[in-house]
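Structures incoming, each one as structure tokens.
Common to both upcoming complexes is chain A, partnered first by chain B, then by chain C.
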Partner chain A sequence: MTLLAPPAAPPAEQAAPARKTLARRLVPYGYLSPTIVLIVVLMVVPIVMVISYSFRDNVIVQENSVFAGFANYTKVLTDPDFLVAMKNTAVFITVSMVAHLVLGLTFAMMLNTQLLSGVTKAIFRIVYILPWLFTIAVIAVIWRLLLDPSGVINYVLHSIGLINDGVNWLGDPGKALWAVTFINIWSGYPFFMISLLAGLQGIPNDLYEAAAVDGTNWFQRFRHVTLPQLRPVIISMAVLDLIWTSQQFALIWMTTGGGPLNTTEMLSTYTYKQAFSEYEFSTASAAAVIVLLLTMVLAFFYVRQQRER
Partner chain B sequence: MAVRSTRLKRVVGAVTAAAMVAFVAACGGGDSDDSSAGGDVTLEFAQWWGAELPAGELDKIVNDFTTQNPNIKIKLISAPYASTKQQLVTGAASKTLPDVVGLDGAWVNDFAKQGAIADMSKLMTDANYDSSQLASQIQLEGKTYMIPVVNFVYPLFVNKDLLTKAGVATTPKNRTEFLDAAKKITATGGNVKGWALPLDTAVPNGIQNDVMSWLWASGGSMLADGKPALQTDAVKSTVEYVKSLNDAGVIAPGSLTMKEQDKVEKFTQGQVGMMIDSLAHVTLIKKNKPDLKFEIAAIPAEDSYTGKRGIPYASWGVGISNSTKHKAEAFKFVSYLMSQETNAKLATLANGFTGNKNAEPDFSNSDPLFKEAFEIYKDSVPANEFVGLPKSEDLMRSFDEQLQLVLTGKTSVDDALAKSQESWTSVIG
Partner chain C sequence: MAVAIKTKRTFAKAGVITGLIIGGLFAGLPVLWMLSTSFKSNGEVFQNPPKLITSTFSLDAYTAILGNGTQLRYFLNSYIVAIAVTLLTLLVALLAGYAFSRFNFPFQKTINAVIVSVQAVPPITLVIPYFGLVVALGLYNTYPGLILTHMVFTLPYAIIMITAYLNTLPKELDESVKVDGGTGWTALWRILVPISVPGLIAVGVYTFMISWNEYLFALTLTRTDDMRTVPIGIQMLMGQHSYEWNQMMAMSILGSIPVLVLFLLFQKRFIGGLTAGAVKA
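Let's turn to the complex of A and B:
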């Protein structure tokens, strides 16, 4: 028996399948290319540019900027105003997130109760979600008017005898941070409420029935059934809220501008002032990169939590 | 069938990829040429004026120019003031400024140092332009970078009804009379206060319009030979005077975060008796509160001061991009804006005063207050020392923060001025 080797294929015939294979491999990238290009143009390029700016001096305002190493980072991290902005941002985002969660969960449970009729719940649902429908500019204008020393809030508080003189909510260094935090809580809780309501509606009723058979009271059911079931939603929402609130700029800028006496200065307003008031784009970039890194830490926890799910 | 489908997918994928490459290439393309085939030139003119003038009026003015100069087209880029500023800051950085730009005096230094705006002295010489007709020019090291087209003054606004109710017969002319009037207005009760002082740090121009105006009204200066001079008796007396108004409780509450629009609103609603404000707001006040009786006056000076009073002003200025290929055409458009007829028309529409000395606004259809203001303007010296300074907004903000510390009792006037001096010196020292 003789084994005959198959005749060698002509070179042109060999190249054709190779080309076909290459083309087949490239097809998925063709489909992905719009997304890839958009991500590169809108995200990668700006982020890389800002990072490179943060290591140079006199960027943008001078043609020949020079490499400055970590000088901009040192300058930013030793700037007392930046440290104040960090502290204010930490207070602002933490208090906002906790209040969003508590208010959102409370209202979601009210809307999920079986004690109210469908129509009543629909009306409350609309009322509770209203703050979320306003844009930040409108919210800022409304609350500036309401919290004005001669505004409605002081009038009401004065009428019911809680205060004697008009309180300077946004202009008093001791109250301004709490006032803007309150406004942010007001404008942001509906998103928590809607998400948690969806979570609540997804909890099987069997669990509550089983718990009731075991003789549990309302609080025990809330603690041992509702909260564990909502845990993934709560953690996701909390981390996302921390990230979003840390980027809040318009509300602060349009209500207090970071004042009075820097008591409402946030990382976002600090960065904006560095760039568009002081024209220090290098330090603004360094501050922005620091904010990016802090946000990435939060994003890391968010992604890890999502993976666990 | 399956083969055809696969082939179709491949074709779609390849076409999509090719389209994206073409798109990116188009995005990254070089400068577009402003000249069209027929030798016409299109100039971009970025400004915030169009947003503040009656609708369509700036277009009419521009159309008149293009009728006279058919080979030059003007493309208006109108946006609100803040947006225009941001647009120009980024445009200056990327060397893509529009050919002709509306400028605020506070931006000139920074743009000129970046080399983003052109030296107009040379353009004037090249065009044989008679610069003696210009009321003022904003210069740096002897070179003109901005020409003020329309000027807006900031006089004292006084609510006549509140003044009468407070038993004050005449409009305050000096600081003592002003304090006295403010106290009496405040004493009328309710939520009414004598004066409004907006010190919001987001837009800290309250320092320029509402604080330094007291200094300039008495012939004082915050600079000496172009360097900061904040520890002088004149500046100290100004800050101490503002503090005395605050200590007397005559300033409307919330001043630390009050914005200019809040000040105007409080005056319009009769919650404050007096304010220093742009004349441009007269129309707005009359529209929102037609029955409000108010008048305008020169800003009160120090009691012993007898010289000419400085009156704060802001300008709609114009400059030319250094990167434009059509500087001569751009200057032709600028000289049109500064011509006697066009300048008078613009000033009349904007309720401001002309940048051309020979032009006079037409007050025949305007509120009588404008004519009155024009008389005050002619008797005063336009004063705004922030014009032409580098990082002027930042200078105002650092002074603002120190003033806030003074008003809240956290520092003394001397310490605040020393800190401001140090801060300003690091920028313009």
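Let's turn to the complex of A and C:
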């Protein structure tokens, strides 16, 4: 903590206690200094940079960029590709979130059953968490294999007579968005499940006993005990899930790359392409700032929800 | 009456088991298929009808990956980056957690709120200025560039978790060191760190996972094979040999082993840590 030592000049007798208090007051900032430096370098500076990029032209690629006002924003917001990306992202995150919630809650309730032994439940729990343990790059190649036109999923659907020919799930403009959403549902439900399982285990048993005494059936107990008790967890998980899914880049990039014909283009892939395929860093920055603002709206709801808890 | 209840219970049990098995197949079959494909010869991958258990079991795909210097380098890079990120994150977060847990100071709430909000910032927003910064600082295509940028994901979570952990330890512990003439610094390292090991392990495992799995920054901030990490390596494999499915699956399994092992070893602690606070996945 040499950083926090008082100035080199020896302090006068009377001033000593005051200086000591000042030094003592600085101690916590000393412990926090590496964090503060990192947050400034990794967060504050980059956000200021991206905002300033978004108001300038020819950033990064040329030495002299010029002030452009809102031109980049106008360009992005009138770009049909961006509007398609907005729409796709909205569908992708909403459908994923609802499915994550339904699957997560169903699985959590099955894993919380009193009817089975602890060991059985522990084994199933590991199986159910599996999808979450693989990195997105791995998930992308697994599902590219499974969903291949001559892959095993098409084989099964064909054998039971649901389809006639191999379907190119990730390559058909009418199906690709649903295919990537399905993959995201598979890879993301365990996190909901784990949180909801913890939530279920926290519901006091006497609530169910009291409800049972009142002669309620299973559905009534679910509706009037389980759901209200889980409400805070469900709401915060839902908002967090919308935020995270909206940030999903790797899955889209490695399965469809945003195609075919923009049908799976997301805000993240659109921004990435503007920057690193088109080298239009100025428009990419404007898109990135819009993404940041949209996320802040969601984060605002999350924080408000947390305060109420 | 008793028989009726018992029958009802048996039905309920059968229903739950059926449900669990269906869900288990949904969760587990894709993983099983990956494993099975990694043992097949490439000609067998799309054979009709498909077989879950291959008749010509072979480890060729694994030897092909492990005998390839480029692929091994991806693994080495991932280990270097993830271990460095984990150690640095733990160190920085421990100091910050100590400050939050043991001191009251001006702007404490503000700084804390900033750290929490970092978690919500979209990586795609950061990657553009990071690219500019990393190039300007001469860190493009280097380990430090990746290690530093990965910490934006790992640090907030680690600080929140470590602060919560330290808050559970009584303050009398550090006071006893101070009575003996020690400083807060000695109290932290001699007393708090040794008894925080379980908490630090949970945070460390999670940090390692985040860094090991990170994709966007690794894709953008590195360029050459000697700096690429495993997730990018898997993608490169897909680009180069789009038909070597068995090798892609073998590489995916090899790339997942560190995280799977860490998870199985520390499962309980890990899930507890995860659900203690809403944490970034």
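Just so we're on the same page, the second predicted complex is superposed on the first by the 295 of 309 C-alpha atoms of A that agree within 3 Å, B and C clash if a C-alpha of one lies under 4 Å from a C-alpha of the other, contacts with A are read in each partner's own complex, and residues count from 1 in each chain.
Convention: a contact is a pair of C-beta atoms (placed from the backbone, for glycine too) under 8 Å apart; a residue touches a chain by one contact, two chains touch by 3 or more.
Just so we're clear, the structure is a prediction, and the values are computed from it rather than from any experiment.
Look at A:226: by the touch rule set out above, it reaches neither chain B nor chain C.
When the two complexes are superposed, the chain touching more residues of chain A, out of chain B and chain C, is C.
In the superposition on chain A, A:28 makes contact with both chain B and chain C. Of the two partner chains, chain C is the only one that A:198 touches; chain B does not reach it. In the superposition on chain A, A:50 contacts chain C only, with no contact to chain B.
When the two complexes are overlaid on their common chain A, residue A:283 makes contact with neither chain B nor chain C. When the two complexes are overlaid on their common chain A, residue A:89 makes contact with neither chain B nor chain C. Once the two complexes are laid over each other on the shared chain, residue contacts for A:181 go to neither chain B nor chain C. When the shared chain is aligned, chain B comes close enough to touch A:63, but chain C does not.
Of the two partner chains placed around the shared chain by superposition, chain B is the only one that A:260 touches, whereas chain C remains out of contact.
On chain A, the patch touched by chain B and the patch touched by chain C overlap at residues 27-29, 31, 34, 41, 60, 144, 148, 150, 253-254, 276, 281. Contacts from chain C toward chain A in the complex involve residues 9, 12-13, 16-17, 19-20, 23-24, 26-28, 30-31, 33-34, 37, 45-46, 48-50, 91-93, 95-96, 98-99, 102-103, 105, 108, 111, 114-115, 117-118, 120-133, 148-149, 151-152, 155, 159, 183-185, 212-213, 215-216, 219-220, 230-232, 234-235, 238, 245, 248-249, 252, 255-256, 259-260, 263-264, 267, 271, 274-275, 278, 280-281.
Residues 23-24, 26-31, 33-34, 37, 41, 60-63, 144, 148-150, 166, 168, 170-173, 176, 253-262, 269, 273, 276-279, 281 of chain A are the ones that touch chain B when the two sit in their complex. Only residues 9-10, 12-17, 20-21, 23-24, 27, 85-86, 89, 93, 110, 113-115, 191, 199-203, 252-258, 262, 271, 391, 393-394, 397, 401, 404-405, 408, 410 of chain B touch chain A when the two sit together in their complex. By the touch criterion stated above, chain A contacts chain C in their complex at residues 1, 25, 27-29, 31-32, 34-36, 38-39, 41-43, 45-47, 49-50, 53, 59-60, 103, 106-107, 110-111, 113, 115-116, 124, 126-138, 140-146, 148, 150-152, 155, 159, 186, 188, 190-191, 194-195, 198, 236-237, 240, 243-244, 246-247, 249-250, 253-254, 267-268, 271-272, 275-276, 281, 284-285, 288-289, 291-292, 295-296, 298-299, 302, 306.
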